[in-house]
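Below, chain A partners chain B and then partners chain C, in two separate complexes.
After this line comes the complex of A and B, so read on.
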């Protein structure tokens, strides 16, 4: 009963949201693209001039860009591997009958609800501090040298913190997917003499493939712009060791006031994220048709 | 005999699972424990697990020294405010998409979700400059707008999936009885959708409460929520671990409780229905 008037009402009702999102994303994005072609520094106002692709040339040939691109990819890749592998294992574990499974599940999921700044500072101080941290004490009592995480392995430290935060997300989604697995299929395979390993590889893993794809895509989008964890622990350092693209853009814009360069960097980040987003949108779109 | 063996295996596996679970939870447990220690005990080696003088001093100190509740109030105002504004925009939009779909509804929905995939650094510069020029930096109003817009796609999406589950016959019946559109939405649709709306709100409060890109970049003091307050503990001068732990415990406790109640909705909201 989609009459013309109800279509019109529908448009009117959805217009505010669509206009608001348009103003919030598309207009600023257009401004970023425009700024990225300007020489524009906040310290010298009124001196803006069109410089073509110069900002991109500077940004893309800056050694800091390559360092931060490498850091970004390393961070995203490592966290993805850790959370997906860990998520599958923990998901399988929580899918078994365990005493107090409900409570156990709450404990495993809890890190996802911890705000990033708390996560970062608790790990940096209480756990990873080279003298008084928990890890240092454990290492020392086992007869090892303690590691000064944030000067010896700063990116690893960030990877550990971010993985801890995102592991529950993977667990939640993979567990949801596992619970929709057809029990009969598994039992039939067991009757036919399939062991747990072949059941995992031939039944469980194919069933999970879709959920794993979703986890990878969504996490990638959020992990490409990890910011708070770096902001409160290392500030991108030492040197550029923990600067990712998001943090590099932030330093150029709000610390060096180089609006043109930062905008070019922002556009590079958008392009990177869009490569992933295209796949995700397709997947969601297919699901909407069902 | 075999039963006994499986029972033993069951117990063994449970123990193993609990050890893994407790290890994952350990940082949070340790943070809460440290918040009850004195500063001296917080950094002592070997760390004390239970045998220390439990104290509530840190909680009082955090409030007295840095006016904790002002930041907590900001967090509450920002997360609840952005959620309520979001509902005002998202409910009509989700209603239209669920009950008056057109050919382009699907595209509109996908486009909304795609804005969520834009990295915030892509628009940091213009948003920062516009905020500076309009005097919105470090204001609650400005941040409520940012957080509301950031979560609007998720809100529309979640409400849309919940509204889809409501049979449209009921709404049509109300229309036949002469209900106007606002009445139809407020008195017929919303009461039926209460559980869905509630979980949408909870998820949005969680996301807004923990948001730490815009809150760190656009606030300094007046509108700063707990994310920014905790970040101020990163300064190298003086290590106040017990106070940091107390402040952190208070900052995460409410959201942890809300989060535990809305696990299922989390999957629905954050995967945009791609996993069921």
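After this line comes the complex of A and C, so read on.
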């Protein structure tokens, strides 16, 4: 793409897909913004009217909003910490020439291919169920009281499930990064008198910084919108204990039939996601420039 | 102080005998070059000395103590890797300081030693840069700097110049030789390039298939190779080998004649030959010829020689420079 004519040809050729993508994005966004300024409730059809920023005022002053904002941040933050730390450790283990490495790798990657609803059902009914779950059985056979996860520690339960789902992604990215670490560097550090711990902190971890950045950025995008796990297990409760922004928008729209309020919530969620994205890129995006 | 002694050092990978058993003495302050074709085990031998590979059997004595089962860092050796193996996320300063930091030296001591090494290696202006922003030669110097500051008993170099271009290689060769004269520390240097071996070494160790073929001063190896392999490996262009009638005349299985020890004449001589290719370098001319009845030979003539393709010439080897070999390739001594 060096000459002027070939650049022009390139633009013309790629225009249809770019235009399609643009429309795909701008039409729903425009409609959502438009709806967010209307009083638009499915229970009173034909009564739509312009209400200005009233929907935003309601949404942002709703105590449920702050609770769900806190839940969202807690969920994203905890899962990020668990998957990155766990991913590095598992990656290190799978990078060693251990027995059955091929099968082990397959097992570690497997959760990523399970759809979130199924994941949530498995955890809810087979593992965390207070009567018939495996955790309850383990607790009981050790003489402890079983925990009713979804009423006693609902957000923790959600965090565990989502972490389990996303750990493979982190392992996959971090393992490939580990494999690209030059063996000579480790040997040079060994000659320099660095033990395994020093090699990890001075050589391995800096080498992984870029991969960790990628994991954090991509996971954040998806974790801000966790929905299926909450919907299937706790339904946002008890109370608001596990309601995140995505789930709050859902309750507005489909439980209260308030399209206007839900649209306002959706726009707020978009703005929040962008704030998080800008913050993250400022904080760690410079790692990608190297 | 760094005298290194290998006693029956053995290394096997599974069933593969990489090093079947090497005995070697390296004196304090010596510059020793391990040379041999690729896959001859020279790098493995160096890694055994460094401690990056475990010996299967045998002893490695550094200043009289057996270190065969010690960790690499405990052996007091420094290594310069072929890929340099610099830490890409650290500045040059921190790269050089890393070993001292691991040894728990104080900041003041580290700073003094790093600045000192940087001065020796002309790196003072680059201390705050990262390796990615340096040229190949500068990276090489950082790698050497990292080795120097630890004040090792011996330096180990693993083909350190093979990633540099030809001009830089000649420079770095001189720099490393200069460094050796300055520091007077034992150095072990691995290369497949016999020119590096000849120019730098106090003592050359020629290896083939994990065995030591010959140990000696460069000119010893050049003048009195112990066998056909050493004779062919040391010296460039390669030695010519002639068998048959010509060898029988000298009462041996094969004779070896270096290209530079053959007189060229257009009128008369021992061996008639036809020039195939003449490489004119100005100071010397390499003639690739076809000797009648013996096949291809290489001859080096001094200065400019007005010869070209198809020219008939006569070759006369210098009689006292002829090497004789028996059927097993062992040298028989000169005439």
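Keep in mind that, in the parts below, the second predicted complex is superposed on the first by the 260 of 290 C-alpha atoms of A that agree within 3 Å, B and C clash if a C-alpha of one lies under 4 Å from a C-alpha of the other, contacts with A are read in each partner's own complex, and residues count from 1 in each chain.
Basically, a residue touches a chain if its C-beta (ideal position, glycine included) is under 8 Å from a C-beta of that chain, and two chains touch if they have at least 3 such contacts.
Owing to the predicted nature of the structure, the values given are computational and were not obtained by experimental measurement.
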Subject >> When chain B and chain C are modelled together on chain A, clash or fit >> reply: fit
**OP:** Please determine whether it is chain B or chain C that touches the greater number of chain A residues.
**Re:** B
**OP:** Using the touch definition from the top, say if A:20 reaches chain B (first), chain C (second), both or neither.
**Re:** first
Subject >> First, second, both or neither for A:232, with chain B first and chain C second >> reply: first
**OP:** Applying the touch criterion given at the start, work out whether A:242 contacts chain B, chain C, both or neither, answering first, second, both or neither.
**Re:** neither
Subject >> Computed vertex angle (chain A) for partners chain B and chain C, CA, steps of 10° >> reply: 80
Original post:
Once the shared chain is lined up, is A:203 touching chain B (first), chain C (second), both, or neither of them?
Top reply: second
Original post:
Thinking of the overlay built on chain A, is A:164 touched by chain B (first), by chain C (second), by both, or by neither?
Top reply: first
Original post:
Is A:188 touching the first partner chain B, the second partner chain C, both, or neither of them?
Top reply: second
Original post:
Taking the superposition as given, does A:78 touch the first partner, chain B, the second, chain C, both, or neither?
Top reply: neither
Original post:
Of all C-alpha distances between chain B and chain C after superposition, which is the least, in Å?
Top reply: 7
Original post:
Is there a shared patch on chain A that both chain B and chain C touch, and which residues make it up?
Top reply: none
Original post:
Which bits of chain B are touching chain A when the two form their complex?
Top reply: 10-11, 13-14, 17-18, 20-22, 24-25, 27-28, 30-31, 34, 42-47, 89-90, 92-93, 95-97, 99-102, 106, 108-110, 112-115, 117-130, 149, 152-153, 156, 172, 181, 206, 209-210, 212-213, 216-217, 226-228, 230-231, 233-234, 239, 241, 244-245, 248, 251-252, 255-256, 258-260, 263-264, 266-267, 270-276
Subject >> List of chain C residues in touch with chain A within their complex >> reply: 50, 52, 71-73, 77-79, 81-90, 98-99, 102-103, 132, 146, 150
Original post:
Where on chain A does chain B make contact in their complex?
Top reply: 1-2, 6-7, 9-11, 13-14, 16-18, 20-21, 24-25, 27-29, 31-32, 35, 90, 93-94, 96-100, 104-127, 131-132, 134, 136-137, 140-141, 164, 167-169, 172-173, 176-177, 180, 210-211, 214, 218, 221, 224-225, 227-228, 231-233, 245-246, 249-250, 253-254, 259, 262-263, 265-267, 269-270, 272-274, 276-277, 280-281, 283-285, 287-289
Original post:
Which of the residues in chain A come into contact with chain C in the complex?
Top reply: 182, 184-185, 187-194, 198, 202-203, 206-207, 209, 290
